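The chains carry the letters A, B, C and D, assigned in the order they are written, with residues numbered from 1 in each.
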Amino acid sequence: MTTMPQIRPDDRPLLIAFGFTLVILVIGTGYTLSTTGTMPLLQPSYLMQQLQIGSFLGICAAGMMLVILTGHIDLSIPWTLTSAAMVATSVGGPWAIPAGLSVGLCVGLVNGFGVSVLRVPSMIFTLGLDTVLRGLMVARTGGFAPQDTATPAMLYLAKAKLLGVPVALFVWIAVSLVVTFLLTRTTFGRALYATGTKERAAWLSGIRTRAVVTGAFLGSALCAALAGVLLAGYSAKAYQGMGNSYLLPAIAAVVLGGTHILGGRGRYAGTFLGVVLIVLLNSILSIMQMPEAFRQIIYGAVIIGMLLIYGRGTRVSE
Amino acid sequence: MQNVPIVELSDVAISFAGVKALAGVDFACHAGSTHAILGENGAGKSTLIKIISGVLKPDTGTIAVNGSKVGFSGPADAADAGIVCMFQELSLIPDLSVADNVSILRPPRRFGLIDRRAQIARTEELLARVRCEDVDPRAMVRDLSLSRRQMVEVAKALGRDPKVLILDEATSALTQRDVETIYGLLDELRADGVCSLFISHRMHEVEALCDRLSVFRNGQHVETFAKGERSDAEIVRLMIGRDVTAKFPPKPPIRAERAPAVRLDDLRWEDRLKGVSLTLGKGEILGIGGLDGQGQKELLLALFGVLKGTKGTVTVGDGDGLATSPHRAKTGKNRIALIPDDRKTEGLMLSLSIADNIVAAALDKVASGGVIDPGRLDAAVRDGIARLQIKAGSPAHAVRTLSGGNQQKVVLAKWLMIAPDVILMNDPTRGIDVGTKQEIFRMMRTLADEGKSILFYSSDYAELIGCADRVIVLYDGRVVSELTGEAITEEAIVAASLNLKGEVA
Amino acid sequence: MTRWIAQNRGFAAALVLFAALYFSYHLMHPRGFSTAVLVQNANELVAIGFVAMAQTVPVLLGGLDLSVGAVMTLAACVASWLLDGTPAQIALGMIATLAVGAGFGLMNGLIVVYGRLQPIIATLATGAIAIGLALLIRPNPGGNVDGDLNWALTNSVYDFAETYGFARGGDAAWLQPFVNIPVPLILLFGTACLVWLPFKRTVTGRTIYAIGSAEGAAYASGLPIDRARIAAFTLAGFFAACGGLYLAIQTSTGNADVVQAGAYTLNSIAAVVLGGTALLGGTGGVIASILGAMILRAVSFYFRILDIDPLLQPLIEGIVLLTAVSAVAFRTFGVKNQLELFR
Amino acid sequence: PAVVSGPGAQPECFAPWTEDTKYLQWPAKEGPYQIAVVNGFVGNTWRIQMVKTAKAYAEDPSVKDKISEFKVVSTGTDAPAQLGAIEDFINQGYDAIITIAVAPTGFDRVIRLADKNDVVLVPFDNVLDTDAVMQVNEDQLAMGKKWGEFILGELDAMGVDGGKLLEVRGLAGNSVDRDRSQAINDAIAADDGNWEVISVVGNWDDGTTQKVVADAIAVHGQFDAVIGQGGSNGIVQALKDAGHPWVPVAGESENGFRKAIAEYSDEGLKGISIGQSPGLVAVAMKAAISALEGNPMPQLISVPLPVATYKDLADGQNFWSELPDNFFTVNEFPPCGVNISGPAIMAETGDDS
C-alpha cells in the first residue's frame, strides 16, 4: 500500500493493453516469418485493412462504452446494426444514411425509456428490444429487402481510401473524437460519470439522470446504426444477421480498455486500444488457422489474463 | 483496572495510499469500563476501531487481546474473540428479516440447518431487552425506520455476547428514549465486565456514559484519562488543538416580519404528512424538531421535488409552485438545495473525485452551452474547498478517501455552488466533530444573513436551541408546536415532541 | 399469507401469470390436461429450468453468470461420452458430469473472489473457455446414451417403473397416485428442493442473500463472504451441469453448439427476471426462476396451437418478452417517493 | 413404418439415395392431412425463403386439397424446444411433421413417439444420423466433390497444375460443414496437381466470409482458386475489394454470386454455383403426403443437385440481375411438380418501399 510510482492507476490498463497489442504483433510476425517467411502484420497496408474492418467494431464499442459508463449494458446492438443497414439500403438514394441513423435514434429512445423511466434492467430490456428488432426485420422483409444494395455514399464511407487511408478509419476517428470530447469536456460527460457512479446521489444533485441514461443509449444505438450503415457499404449490401458478431467483442473491448463494467470509471482511449487489441488478436488467430475450439479458449484466457493483470476491482472492506 | 487490558494496541500504524491515518498508536482498554474515543473528523477513530474489529489490518504494530497477541484476518475472527462492533454505517442486511439479521452469524440450528422458530424466539427476547417490542422479528429490515434499525443493530450486538462492544457513532440517529435505553444497557454491560468503546461527537453523551476517555488527533493518540480529570474546554482543546469558545454564533434579534420564501398550506402526502402549514421567511433559520420519523424527512423531500402525489398548496418565492424533481427545484426561480441525511448514498458519489462531486450540482455554472470551461471549473473547485476548509490531499482524489466530516463538507460545498435561495438540511451535522459543527453553524448564520432561508432538521435538541430563529415540532405528520426566541428550550421541544399537550398548533 | 405476498410480490405475480397462460394452453390444446402433454412440456422445461436455477444463485449475489449456457453445453458433451454401459458405469458418468460442472463453477468462483474480477465479465470469458473445451470434446454432434435411460427419464413415472421393472412394472397400488407425474418434473423440482432449500438455510446460503442486499454490511457482520461467493458459483456450475446432464440424456447427444449456449444464457436471465428475482440481488429464489422459465416456455407453446404467421413469430415473441418485463415496471409509476426508484 | 422393397412412388421425384436404400411404408390414411413444419433457427435469408416456400407450396393446387391444417413454427437453435414442438404436434394428432434438425442426433424419443402414433416425420436439409425415418436432402458429399472437381478442371484447362487454393468452411461443428469439406479435400487430394489448401472459417455468412477471405488475401497474396461452402457473395466482394485477379470460384446459389459470375466470367471468374435449395421443404412435404397416402417411399430421398456453371447461366432463368443478391436462386424441382421460383415468392412479399 505504498504510493504508486509515476504511473497513475487510470493509465495502467492503457499501458497494459498497449503492451499486449505489441506482444500480439510480435508473436504473429514470428509465426508468419517461420511459416511463410513474410511479415504481413507489419505492413502498413495489412494494418490499414485490419483497422478498416476494426472500425465497425470500434464504432460499436464507442457507443457501448457510453452505456457501460452509466452502469448499464446494451444488448440490442446486433439487430440495431442490422436494422439500420437494411432500412438504409431499402430507402436508398441520398436519404439512405439518414434513414439508417434514424433507426438508431428510435432504438436509442426506446431503450432509454425502458431503462431509465420504466426502470427495467437494461440487461433484459435491450435483449427484448433486440428480439423485437429481429422479429421486425424477419417480418418486414420476408427475407428479401426490397433493395439491399448499398448506395454510393455508403460504399464511399466504408471502402474508399483518402490519402491511402481507408475512409472508414476516418469515420472511426471522428466518432472517437466526438466521444472523447463528450466525455471529458461537456456537462453531459460529467453527468454520465456521476450517474454511473451513484444514480441516486446524482439525481439528488439535480442531474437529470433519466435524460443522461437515455442519452447514453441514444449514443450507443446511433453508433450501432452508423456501424451498420458502414458495414452495409463494406459488404456492398445489407443482410440478415450482419450484426451478430459485434456484441460480445464490443463489450470485451470496452472492458479490456479498463472501463469498469459497473459504470462510473473508464477512459475512451482504453476502449480504442481494446478494439485494436481484439481486432489484431482475431486476425492473428485466423492467420494461424486456429480451430474454433482453441480460438474460444484463447479469447477467454486473454480477457481473464489481462483483467487479472490490471488488478482492478477493490475488495469491499467497509 | 490495573489488570491486563482486554484489548491492547502497541505502536500501530496504517496508511491509505500514502495518507497516514494512524501512526504510532498505543492504546489499551479494560474490562468493565465504558471508554470514550474522541477526536475531530478524520482523527482516525473509525480507523482505530476497524483495526480492533478486524476490518482493517494495520501496516505495523500488534494487537493483543487479554494479553496475548492476535492477528485477525477478518471481522469474523474478531467476533470469535468476543469483539463486536456496531459500525457507524449500519451493518444490517435490508433484505433479510429482523430475526435473520439478529442471528446472522451464529444462528440456532436444527439438523444442521437454521432453525427459524428458535431464531424468532431469540430475537424477541433480545428486542425486549432493548425495549423494542414493537419491532416484528419477521419484518424486513428495509421496512424499518433508521432509528429502529439502529436499535435492531444494538440487539444484534447484544446477541453476540460481546466482551468488547464498540459503538461507532451508533447513537447518531437515535431518539432520546432509545438513547436512554442504551445508557441503561451499557451500565448493565459494564457491571457484567464488558468493555464498551464509545465514539460520539456529542459531549453530553460521553459525559453521561463513559468512565475513561481517549483523545485522538491527526492519527495519533493524544491522551487517555478518567472522566472528570479534564474540563470540557480542555478536552476540546486536546481534540482540535485550539479553544472553541462559543459553539453557536450569536442569533440576530427576533424579527417579526420577514418576506416569506416558502409557504406551505396544508401539505399532505400519503400517511406521512397530514397537513403541514408553515412559512419560512427570507433570511430565517427555521428548525424542525420532533421524534425521529414524524414526517421531517418527508417534508424536506417534498419541498425538493422528490415526492409525487402531494396535496395542498406550496408557494416558493412569489408564486412558484412545488418542484416536480430535484432538477426543477435546483433550477427554479428560487433555487432550492437539499443536504440529505445519508451522505454515503444520497449526498455523494463516493468513488468520484472531490472536484467532480463539488461541481456535480452546478455543472452549467462552469460550462457554456454544455461545454465545460476547465479554468472556471478549477477555480470553482478551489473556491469550494477553501470556503469550507475541506481537508484533502488533492481535489482529484476520490471523496471516499475523506473522513466523514470532510465528506459532509463536500456535500455542503456542492450545494453552496448553486447559490441556493432555500437550503433544506436533513441532520447536516450527524457524525461531525465540534470544530466542524461550529464552522457549519457559522456558515448557516452567514447564509441566513445574506438573505438565504434555511429549513433545518436536527435530531440534536441543542442544535435547534442554539441555532434556529424559530423551531417547529412535528408529531405524526403535523406541526404541533411553534417556538420562537426565548421559548425555544429543551423542555418545550421535548414536551412538544411527545405531543404532551395533545393539542394541535 | 398477506405478508408472504407483500414480501414476494414478483413471485406471486409470476405465479398468476403462469397459471393463466398454462391453463388456457391446455384448454385450447386438442389433448389438453393429459399426461402426454404434461410430459412433453416438462421435457422442454428441464434444461432451461436448470440453467435458470444456475443463473439465480449468482444473481442473488448481485452478479451475473454469463457462462451458465456454456457450462451446460460442456456438461452435455462430457455426459455424451459417459452415459453408457452398466448401471454403475452410468451412475459414475453422471457423477463425473456433475463434478465437471461444479468444478467449472468453482473455478469461476475462485477467479471472481481471488482475482477480484466482476462476475459478469469473468464469466463472459470463462464461458468462451467452456465452449472451447466442449468443442474439443465433441467436435461434431453425437454421442451414445443408454436408450432405457433416455426413455425412462423423459416420460411419466409409470413408464419409468415399467422400463426398470420396479413397483410391479408400474402397476403397484402405492404408485398409482404418482404414475402420471412426469419424471423430468420430479428431477427438476427434486433437485431444487433437495439442494437449494436446505442450502438456503445454512449460513453460507444466507450470506449469498446478504451479499446481494448489502455487501459492506455482510462483511462487517463477519459473514463468510468469500466462501459464499465461491459456493454460489460452484452451485451455479452444478445446476448448469444438471441441465447439461439432462440435455444429454434427453437427446442422447452432446452438441457443442455455441449459438444454443448463448441463447440459454440469455434466456436464463430472462427467466430469472420473469420469476421476480431482482438482478441487483438480495431477493428472490431458485424456485421463482423455474417459474420464470416456465413462463418463457409457455409463451412459445402458443405458436403451436394458434395459427400465427411463422414469420411474425419472432416479433410476437419479442414483444411478449418486452411487455412482460415492462409490466413489472408499471409499479414504478405507482411509486410515490421517487427516491425508491434509485438504488 | 414397415420396411418394404422398392420401387417407390414417383421415382423421378423421390429418387433413392443409393441402390441399397431401403423403402418405408406407412398404413394409408384418409386425407386431408394435418401437416406441421418445425424449423429451428430463423433469421437468415435461407430459412425465411424456406418458410415462405413451405407456405406457398401448401397453397399449391396440387396439394391444397390434401392438407387440412398447416403450421410452421421456428424454435431457434434450442434442441429441447424443437423436440418439444415435434412432440406437441404428435400429441395434437398431426399426421406429418417436417423438420430441419438442430442436431443430427437426439431424436430417438420423438422418432419412437412418431412411430407409435403412425406420424410421418421427415427431416430435410440438416438430416439425422439414422435410417429409422424418411429424410430428404441433397447429397453433401457429392456437392463437395463436384465443387472440387470443377475447380480443378478449370485450373487444368488454364494450364495450372499447382498452387494455393482457398477453402472457406462453414459453421464449426456442423455435420454439413464436415461432409462438404471432407469431399472437397478428398477431390483435391485425388488430383495429381501440387496444391496447398488454406482453410478459413466463414460460417456460411457473407460478412464473416468477406472478412476472412480479405484477411487470407492480405496474408497469402494470391490464390489460384477459391472454394466456398457458403457466403459466396462475401468471397466475390473480398476478391473485388482486394483487386485480386478473377479466378475460378465455387460457391452456393445466392443470386448475387450468380450475377457476379455472369458479369465477370470473361475476366476469369469461372464459377460454379450449387445450392442447397430452400425448395427442399416442398419436396419433403410432398414426400410426407405421399407416405401418408400409403405409398412405399425411399428412406433417404436424394434431390438432384442444382448445378449451374458460368457456361449455363441465363438471366431470368437461373438468376435475376434485377433482383437483390440475397436470395437463393434454386427453388423449384420440376420433376416433383414443385414450381415455386424464388422471384415468385418475392412477388408475393410485395415491394413495400
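Convention: contacts are C-beta pairs under 8 Å (C-beta built on N, C-alpha and C of every residue); 3 or more make two chains touch, one makes a residue touch a chain.
Note that the coordinates shown come from a computational prediction; the quantities given were computed from them, not determined experimentally.
The chain with its Cα centroid farthest from the Cα centroid of subunit A is B.
Chain geometry summary: the mean Cα position of subunit B and that of subunit D are 72 Å apart.
Distance from the subunit A centre to the subunit B centre is 44 Å, each centre being the mean of its Cα atoms. As a whole-number value, the distance joining the C-alpha centres of subunit A and subunit C reads 31 Å. Subunit B has residues 55, 89, 306, 325, 346 in contact with two or more other chains. Shared interface positions of subunit A, i.e. residues touching 2 or more other chains, are given as 134, 138, 142, 200, 203-204, 291-293, 317-318.
Annotation for subunit C: residues 135, 139, 216, 219-220, 256, 258, 311, 313-314, 338-339 touch two or more other chains.
Taken as a contact graph, the chains fit none of the simple arrangements: neither line, ring, star nor complete graph.
A complete list of chain pairs in contact reads A-B, A-C, A-D, B-C, C-D.
Put simply, subunit D touches subunit A in their complex at residues 42-45, 48-49, 52, 172-173, 198-201, 205-208, 210-212, 214-216, 218-220, 233-234, 237, 241, 256, 323-327, 345-346, 349, 351-353. Taken together, the subunit A residues at the contact with subunit B in this complex read 1-4, 185-191, 193-194, 197-198, 200-208, 264-265, 317-318. Interface of subunit C with subunit B (complex): residues 3, 7, 198, 201-203, 206, 209-210, 212-214, 216-224, 282-283, 335-339. Contacts from subunit A toward subunit C in the complex involve residues 75, 114, 117-121, 123-125, 127-136, 138-139, 142, 199-200, 203-204, 209, 248, 251-252, 255, 260-262, 291-304, 307-308, 311-318. Residues 29-31, 34, 36-37, 40-41, 43-44, 46-48, 135, 138-143, 147, 150-151, 154, 247, 250-253, 255-260, 263-264, 297, 300-301, 303-305, 307, 310-311, 313-314 of subunit C are the ones that touch subunit D when the two sit in their complex.
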